[in-house]
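See structure below.
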Amino acid sequence: MNLLRTSLIAACAIAAPLAMAQNTGKLKVGLMLPYTGTYASLGTAIENGFRLYVTEQGGKIGGREIEYVKVDDESDPSKATDNVNKLVKRDHVDVLVGSVHSGVAMAMAKVAKDSNTLLIVPNAGADAVTGSMCAPNIFRSSFTNWQPAFAMGEVAAKKGAKRAVTITHKYAAGDESVHGFREGFEKGGGQVIKDLSVPFPSVEFQALLTEIAALKPDVVYTFFAGGAAVKFVKDYAAAGLKKSIPLYGAGFLTDGTLDAQGADAADLLTTLHYADSLNTPRDNAFRLAYAKTYKLQPDVYAVQGYDAAQILSIGTNAVKGDLNKKAEFALAVERAKIDSPRGPFMLSRSHNPVQDIYLRQVVGKENKMLSVASKALADPARGCKM
Amino acid sequence: MMTAPEVLLRADGLSRRWGGLLAVDRVSLDLQRGTVHAVIGTNGAGKSTLINMLSGELTPTGGRVELLGQDVTQWSQPRRARAGLGRSYQRNTIYPSFTVFENCRLAAQARTPRPWAWWQDARQCPISMAAAYASVERAGLTDLRELAAGLLSHGQKRQLEIAMCLATEPDVLLLDEPLAGMGAEETERMLLLLAELKTSHATLLVEHDMDAVFRIADCITVMVNGTVIASGTPDFVRNSPEVRVAYLGEH
Amino acid sequence: MKRTDILFIVLAFAALALYPLVAEPYGIDRVTKIMVFGIFALSLELLVGSTGLVCFGQAAFLGIGAYAAVLLSPQDGPASLLWLLPASMLAAGAYALFMGALSLRTRGVYFIMVTLAFSQMAFYVVHDTPLGGGTDGIYLTNKPMLGTLLDLDRSVPMYAFTFGCLLLVFVFLALVLRSRFGRALAGIRVNEQRMRATGFPTYPYKLAAFMISGAIAGLAGFLFAVKDGFVNPELMSWHLSGEVLIMIILGGLGHLRGALLGAFAFAMLQEFFKSEAIFGDFAKHWHLGLGLSIILSVALLPRGLVDVPQQILLRLLGPRPKPPGTATQKSPP
Amino acid sequence: MDVATFLIQCLNALQYGLLLFLVASGLTLIFGIMGVINLAHGSFYMIGAYMAYALAPIVTSTFGGGFFATLLLGLVLAVLLGYLLEWAFFSFLYEREHLQQVLMTYGLILVFEECRSLLLGDTVHGVAPPDMLAGTIALGQMMTYPVYRLFISGVCLLLALGMYLVLTRTRIGMMIRAGSTNREMVQSLGIDIKFLYRIVFAAGVAIAVFAGMIAAPVSSVYPGMGNSVLIICFVVVVIGGIGSVRGALLAALLIGVVDTFGKVLLPQASGVLVYVLMALILLWKPDGLFKAG
């Protein structure tokens, strides 16, 4: 065995120059996204956005052609370490892109940190990814759960609301979002009188809606996504609460779900780092290109995928394709202004976007931008020692 | 009757109630070593309930059970079995996927369970192996020892039931219709076996085959609707007017 | 057990032992994880295949073993394997004892559902409370050490250690199943009523099986946590309890090698249908292939994958009359 | 909690319980009576919900529309589906070990879920309730109650009553129940047990699909919706006692109460309460509330 190991090491030593040569070969991008299950459509949107940017660059980034390797993460954190290892150890990807589910992203962050592989998170908002887990090789093109929630807290307080109730699924993302809202709301002089939660993945809200009616708060803040968001918005309207107590939410409440929610979502206010009618030349160009390529309207997930590719592009260009120069890569990304369809943004020291959070209102089938709720909002990045 | 017979199992005023129905009503009986005590009665007379209470599968709602002089009314079935109570079932309850020998060996193992000795091969257990060999031979199944029990004929399965019962080396045998569904030849063989076992055991026999019962039993108890209407020697029972009316008359 | 079966098992273990010599780092990692699931499947096989107790909450033991490994590890340095490993198994075994003591009062489908209930309770404790890091999971920062002998942070030692555990568990279970205890469990599976009539107090036997099974699942959980360095509530979810059940049914109930075969086959099938090299863009619909092959295996292999050699012989040679005695099932492995 | 709120919560509990019964009722047939541990039950429910979404436009364009026409078409398709599935995948499994059926239904879940993804995509959809049931009624000063939810409750009660009557009062119901306890006996009476099983399976699938279609306007339609109801369905059937319709109804209502008030009064433990309830009931009554018979 020892003999074999020595010969293996020797073989690696010989192969090392070959590996160097790879820096001018294809750039391998490992997409670890959900392609099955509840978040499948989000995974597809992110991939579409990513590919769109790469296509716009002529299929090359930093002078290197892009090769994709895909893994379905099934939104299952218990399989996440194996899945990400597949990309890192088997396929030897140069950069990891993923994922949607926070638990999966946490597992990815650990592997990325341990193996010193570049990781760009295109959605998962877990505060810890750019908080306690922050690292020079970990970037995020999306948001932290704290960001839109904090902005919404400020908005609610500014609108004169004094007493708020929050409601969310009982899981980390929901808790983080609710905390963000509380922070913003209480800073503006409001008070959260009760945090309600539904066990994940139950979507039976009726009991808590009755509770809300009994509490009679000035405003309700909520964090739901996907199927639960659709059901919550419909149930909220059907229970007659929409007329009397304004419902505010993190933007996912009404993103990608408006078709399903129909009239029940009309006029809802949400905050997010993207909106449907920004009407900037940059965004219009993006939307046109996206619609042309995929015969679909883009959403916030597509933008996040697109910007993940931009981050990769900026860094890779700066190191001229040599991704081993992690420090230079990070430095370039940290200094760059990323020209996102959502509006230009920069990355914070912890590598999370410092971005405008928009206040949006549902009009028809669109999340129309009303105003900038919070200008260049940066996540506090608690626990980040970088 | 001899003086001071050795009573191994005694039922004293046993009753069992199912809701409003009194399935067994204050039944008392003694089982002595060296005798066969038969319980007969129509279907639904409460024979099976009685045997289940004696073996401990059912707890009685009234009365008590004594095994070898001890009150065992509150004992579980396994505990009674270990104390020397063996039973066979009306329907075959063998382990069909095991060999005939393994059926008996597993039964014998109950005497020396030693479950903590996980590194020892069960087939290296001298006590259960010896008991199994003996019981297989006694039941006349030696030639079929390595056959899967499920492949035996019906009569052979009944024999295996008895063999498994014997493997635990009981003092008391509770046999629930051991002759059910057997041909004439098989019945004859079984009766020989029972006669042989009789001397060393106290046997309770629940049986429908009247000829066999009157041939082998030393004492017969007749049950109707959960109560004992007659109990005594075969001659006494045969001549009892109540039995003639209630049971044999209908037969 | 037939001689060919023993040969198969020996060859399989030999292949596993030699695998790291030829494998890529990823392959070593992957097979390590499959072996962990092999141990997990073996633990369930003791209950389902050998004792006839269909437990639908096995993931709880896995999760408790894994969480124990993480939560009991000191923050400031690596723990010693010598106490952390037994402690994790003990934690899982203790929960199994509790769960078994109550759920063994019920039978059949009710038993299945009560075990599910108890595993869901454990799931919600880690899912809904900050105890184990909540839904985002928790990291194992310092992997346990055995002096300087074993560095479980590296792939090959981890592989070797897992392989050793698997081998030990397999041998242990094989011995247990042929011991008096194991034969009594087999008797309970086939005919519990008869066992009681013969004088076996079946409840403590079943409870002991439950506890052993839980502790072994806890071992799998410990290995999982050490290998990944990350545990998450999903480890306790009913999906995983279901998947491991699927593994052992797929492999073939009543055989220890069936559990191993099932764990490997289940992983390989997923790997195969997820492979973009073979299916291209359709690989994202890998559930379809997996589902169809499971359905096919039910249709063609009534006794699971362990039956494959016999089925092949049957197809090649045509049906043969069985010589008397071949239907015997002397010892399950 | 004041009296009005308490009463509304009771209504919520009742309504949720009935909805649970609706979702679980198909399982009482396939699981409770045939003894098949049907993990694919959630998939049938999912298929129903997607039918409500996908068939509606087709029905509108060909027959001029209508919620109830869609429902009818869905039911017909469901019976066919159930009949075919039993013939193709289950008819040869009854003699086998029970767990083989588990494996089979697990395979079916994967196939159904993937076919759904291939045919209809992965996005969330809403389904509108029929116009005549789209209104709401006032409840207290602040809240309103959707008429459609009341309609569902009514449908559930009717379904429960119907199943109960069919199983206990009709000839086929008696045959089904006899077949569940003693196959040989039914066969010896000259009844084609295979055909009987096929009917029961088809009926079970049809009820699950029906439940999905009815519930779609309330629950909306999304990937993975089948899996999320699967376990709770088993809980309902098992608490009630396998094979018992009234048991399932009672169990569903009980869960409705525990879940509704649990969320309000014991929010920290709300996820686990249902399972605690099940464990307690089964430890108290190891055969469920109503033993089938």
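A, B, C and D are the chain letters, set down in written order, and residue numbers restart from 1 in every chain.
Throughout what follows, a contact is a pair of C-beta atoms (placed from the backbone, for glycine too) under 8 Å apart; a residue touches a chain by one contact, two chains touch by 3 or more.
Every value quoted in this text rests on a predicted model; they were computed, and no experiment measured them.
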item	value
Least step count from subunit A to subunit B, where 1 means the two chains touch	2
Most distant chain from subunit D by Cα centroid	B
Computed distance of Cα centres, subunit D from subunit B, in Å	49
Whole-Å gap separating subunit B and subunit C, where each centre is the average of the chain's CA atoms	42
Mean-CA-position distance for subunit D and subunit A (Å)	36
Approximate Å spacing (C-alpha centroids) for the pair subunit C, subunit D	32
Sequence positions of subunit D contacting 2 or more other chains	113-114, 117, 271-272
For subunit C, residues that touch 2 or more chains besides their own	124, 127-128, 285, 287
In contact (per the touch rule at the top): chain pairs	A-C, A-D, B-C, C-D
Contacting residues of subunit D [partner subunit A, same complex]	1-2, 5, 8-9, 12-13, 15-16, 113-114, 117, 121-126, 128, 136, 138-140, 142-146, 149, 218-225, 228, 259-261, 263-264, 267, 270-272
Subunit C - residues contacting subunit B, complex	172, 175-176, 178-184, 186-187, 190-191, 193-194, 196-202, 205, 208, 324-325, 327-330
In the complex, subunit A residues that touch subunit C	1, 4, 35-36, 69-72, 76-78, 80-82, 85-86, 89-90, 102-103, 106-107, 110, 114, 126, 128, 170-173, 175, 199-200
Interface residues, subunit C side, partner subunit A - complex	21, 24-27, 29-30, 33, 124, 127-128, 134-137, 139, 227-230, 232, 234-235, 237, 239-240, 274, 276, 283-287
Complex contacts: residues of subunit C adjacent to subunit D	48, 54, 102-103, 105-107, 109-110, 112-114, 116-118, 120-121, 124-125, 127-129, 238, 242, 245-246, 249-250, 253, 285, 287-288, 290-295, 297-299, 302
